[in-house]
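Here come two complexes built around chain A, the first alongside chain B, the second alongside chain C.
So, the complex of A and B:
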């Protein structure tokens, strides 16, 4: 009886220690705090340039030093009253939309097509389609500049730049759509077909609604990529200056306090697009 | 049996769906790159591009001391950036995965935001932070810590390394982070239960399993750093000039496009060699 009791107590004690051990293993307050500190420090470094731009865009005087004594919106008023800036923003928006409208459908069709192929062909094609991600933007930019001028003999323009942005966005769209299509239940499509839907009906009423978050995410990402793109536009947009090109030309020209406001606008737009995109779709490398 | 398998009728359908994308890449990606290769073999004479195929441009690139210096500097700066980025990104992905699992989603979002968050705005920001009338110098002068602005901060390779490191960290974190998701925490516990120390577990279990991610991250980082144009141009000054600047100069001011094309393809050769070398070194370190 006593033996059984002490045995039970020992067992209970053992359970307690293992539980304590597991909890310790999962909690480790000190290491967790160190880990959190490290993550915060890295983010502080990553965000520091962004914070500086945003903070000084509200500075009343054109001096880039702390402390800031007076806050104003004068740079924003100046920027939005400047027709050159408004035109550049309009062009960037247009190029972004065009990129999404072209890269979106191409990428969706390609991801669905990839899924219908044998696993081996698919992996070969998928890596081929991803090559443009590895190719430096500068190389793409000069190759396109050469190709447009010497072979196609077309003028450098906004459409020419947007066509280049599609090349950069498309691999990301395919990656995003590919992981969405992998989780897609094709039995639903068969059910729709069995119930008498045409292929097109099945696509618009079943496939598209189910893939909608990923499609939207991929298209938002395309807009973000296009709006932020600099080097291809720099080479082939000609005189149709986009927002990054405008920032570039003003930075090269010298210090200009309105740049903080311009950079903040670009920053807010691309960050919001990226945030919205990442809530809808996952890009897995 | 879950019916997620693709419909069995294969045939032409998938290829038709892929055709627009493949044609687009053939017309606007493969075509331009092949033309670039062709032009690198042309000659620039009397302000015209003469299609006489020869390797003269490559000879000029490889034998000119000025270009040699630029390529050597490009390789060194990109290598320094790659090492620093990996040293920051690897522990970052590690602690996010294993020490802060509950904050994972939030951190992932933030990393994505910094990845796509405005490249030019950030380069401009570094100019204003590091410049002689910039945030650091004005604040230090105001506080009386220094009497004269620190000149080495801007227009130097230091500025280029800082800025490139700053925006390539997210690019390196993502592949390493994905690789870490395949390491089950149970494996780590098993390693510790068998008496392995924290470092031994990291070295013997985590590192080998995440090696593919590290190699992808190293390749991405090196390629992006070595081929960047805007960062060295705006932050590097004359002593921070890199290959991108030399290529753009041939295309926009000298207008010797064949030489520019040869420079660009020499850069590609450098990238291929260095990425291969990096991949080998990473594998050797984790052996």
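So, the complex of A and C:
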């Protein structure tokens, strides 16, 4: 009985506090409400194009107009039934994996190598690493195209594009790995050596397992960068069309509702990868 | 170690040092920070290569043998346990690399965890251990490999005082029961005296004295050693004469200072630098007469520091301020601040300070 009473009292108290909170919200000063509205507007601006694409990818009729009367997965079925699309997805996946597999180890090696240098040299080299990020993609793409054709005399192809993706992803990998390496206790390697490990064994049994979260994060990021990359691929992939290239070519041809489905797939895949990558990178030691 | 020198740039961290550690002993390298003790230890472990000289183990030159091929193990100051492994995996690490059979690894790891008394932690994540537990696991991880020499780099410095005292005794007991040679680096003189069979005192890259704790404390071979190990009251007096192997000195006519004559010759009238340990200086009430061969000085109590078991007295005398430790076992007989006392010590208590 007493329990029920006190329970009722607690519930009443709760109601009171919620009401108080609601009133407080209403009484919030104007500048705070303005700030909240502003944040909402910014997010609306950022995400409304994406929302439009995603929403219309489920529209049953090929007309991009509201209201949507019927929901369907027909565009998705169409996408996966289109051999050209499936091939493009396959190529993008291949390029993404290749980028990760190449940029990952290169980035680890670079970060570990940087660590061995003096702090001054390291900071100079790290700034140099940033330069490719700031170079306009178009410039990089044209440079690569000329480099391949005039100097290396390499045919434009998927491997050529993937090599370009490595170039773009590598600075990000090095930066991610560098912060992970900075927090790594190198004296732990001495402990391993002291216990009988060769340099290589110390690397595989201590360095690598401890840096693994950062390594995986950097590799996922590489995949996301590669899958999303358009300009370099456009210039040097030749006839081996990747997914962004295919979307581009279809957009040029005219509005096609299946593009919404395709874009949504690309959006989901790259944001998932980026999300996973940031999770990994932050839990690194 | 024979005539070993290690330079960092132009600075000689270890300067022409020769040391011999006897199999099975607990050997301490004692000195202030920057004296070269850790560098010496790291050269024994193989992490630093001497610029000159050589290091041998059981008659075999190991100067150029990499750390992973030396039959020595190091307990690091900050333990350096592998955080991605369990306690068991940490301890098993060295044995696994050596290709020891799985069953033997399990047996030896469990046995060693038992020796360091943390067998219940075997399955725990190394990250979740307390400082004291990490210390024990680090010790087990090194000892399980049955090293010819176990090197320890200030292993207790990260622990709180109480735990440190306990671990000092335990480490000593473990060393005793396993019979492994321990080389122990520390800057804590009390720790070195308590634990070691022999101590090497280092300063500025050089070894000043090697000896048993008693030799180091009672017969310091250098002023630095005398000053660094324990506390003491140094003073200077003019030599008035010799009698019965004792130096006679009279700072004032009714006072005398007694020092047993050291090996060297001392000319009459020379200025002698000597010192006495505080626990050897006794304070007598005015009126009690010291033995005729003992020191007798007038003193006034300048300060008293109460530290529990002991009280530290600072006494002003003709020789300067002397430090005297008195056991707080009888508060009624304790001299008060500002009191006049007779300061005395036996001739054996004082020693001449080497230059």
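Just so we're on the same page, the second predicted complex is superposed on the first by the 242 of 285 C-alpha atoms of A that agree within 3 Å, B and C clash if a C-alpha of one lies under 4 Å from a C-alpha of the other, contacts with A are read in each partner's own complex, and residues count from 1 in each chain.
Keep in mind that, in the parts below, a residue touches a chain if its C-beta (ideal position, glycine included) is under 8 Å from a C-beta of that chain, and two chains touch if they have at least 3 such contacts.
All of these numbers come straight from a predicted model, not from anything done at the bench.
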So, on chain A, is it clash or fit between chain B and chain C?
fit
Contacts of A:98 with chain B and chain C, given as first, second, both or neither:
neither
Chosen between chain B and chain C, the partner touching more chain A residues is B
Counting only touches as set out at the top, which of chain B and chain C does A:166 meet: first, second, both, neither?
first
Once chain A of both complexes is superposed, is A:190 in touch with chain B (first), chain C (second), both, or neither?
both
Which holds for A:218: it touches chain B only (first), chain C only (second), both, or neither?
neither
After lining up the shared chain so the two structures overlap, which partner does A:206 touch, if you call chain B first and chain C second: first, second, both or neither?
second
Taking the superposition on A as described, I'd like to know which of chain B and chain C A:48 touches: first, second, both or neither.
first
Could you tell me if A:36 is touching chain B, chain C, both of them or neither one (first, second, both, neither)?
first
Have a look at where A:180 lands relative to chain B and chain C in the superposition and call it first, second, both or neither.
neither
Per the contact definition in the header, classify A:236: touching chain B only (first), chain C only (second), both, or neither.
neither
With the two complexes overlaid on chain A, what is the closest approach of chain B to chain C, counting only CA atoms, in Å?
7
Both chain B and chain C touch chain A; at which residues?
185, 187, 190, 285
Please give the residue numbers of chain A that touch chain C in the complex, ascending.
185, 187-188, 190-198, 201, 205-206, 209-210, 285
Within the complex, which stretch of chain B touches chain A?
2-7, 10, 13-18, 20-22, 24-25, 28-29, 31-33, 35-36, 39, 49, 88, 91-92, 95-96, 99-100, 103, 107-110, 112-129, 131, 133-135, 138-139, 142, 163, 166, 169-170, 174-175, 178, 189, 192, 216, 219-220, 223-224, 226-230, 234, 244, 247-248, 251, 257, 260-261, 264, 267-268, 271
Complex contacts: residues of chain A adjacent to chain B:
25, 28, 31-32, 35-36, 38-39, 42-43, 45-50, 52-53, 56, 63-66, 106-107, 109-110, 112-118, 125, 129, 132, 134-140, 142-147, 150-151, 163-164, 166-167, 170, 174, 183-187, 189-190, 221, 224-225, 228, 230-231, 235, 244, 247-248, 251-252, 255, 259-260, 263-264, 266-267, 270-271, 273-275, 277-279, 283-285
Per the contact definition, I'd like the list of chain C residues that touch chain A in the complex.
45-47, 66-69, 73-74, 76, 78, 80-84, 93-94, 97-98, 141-142, 145
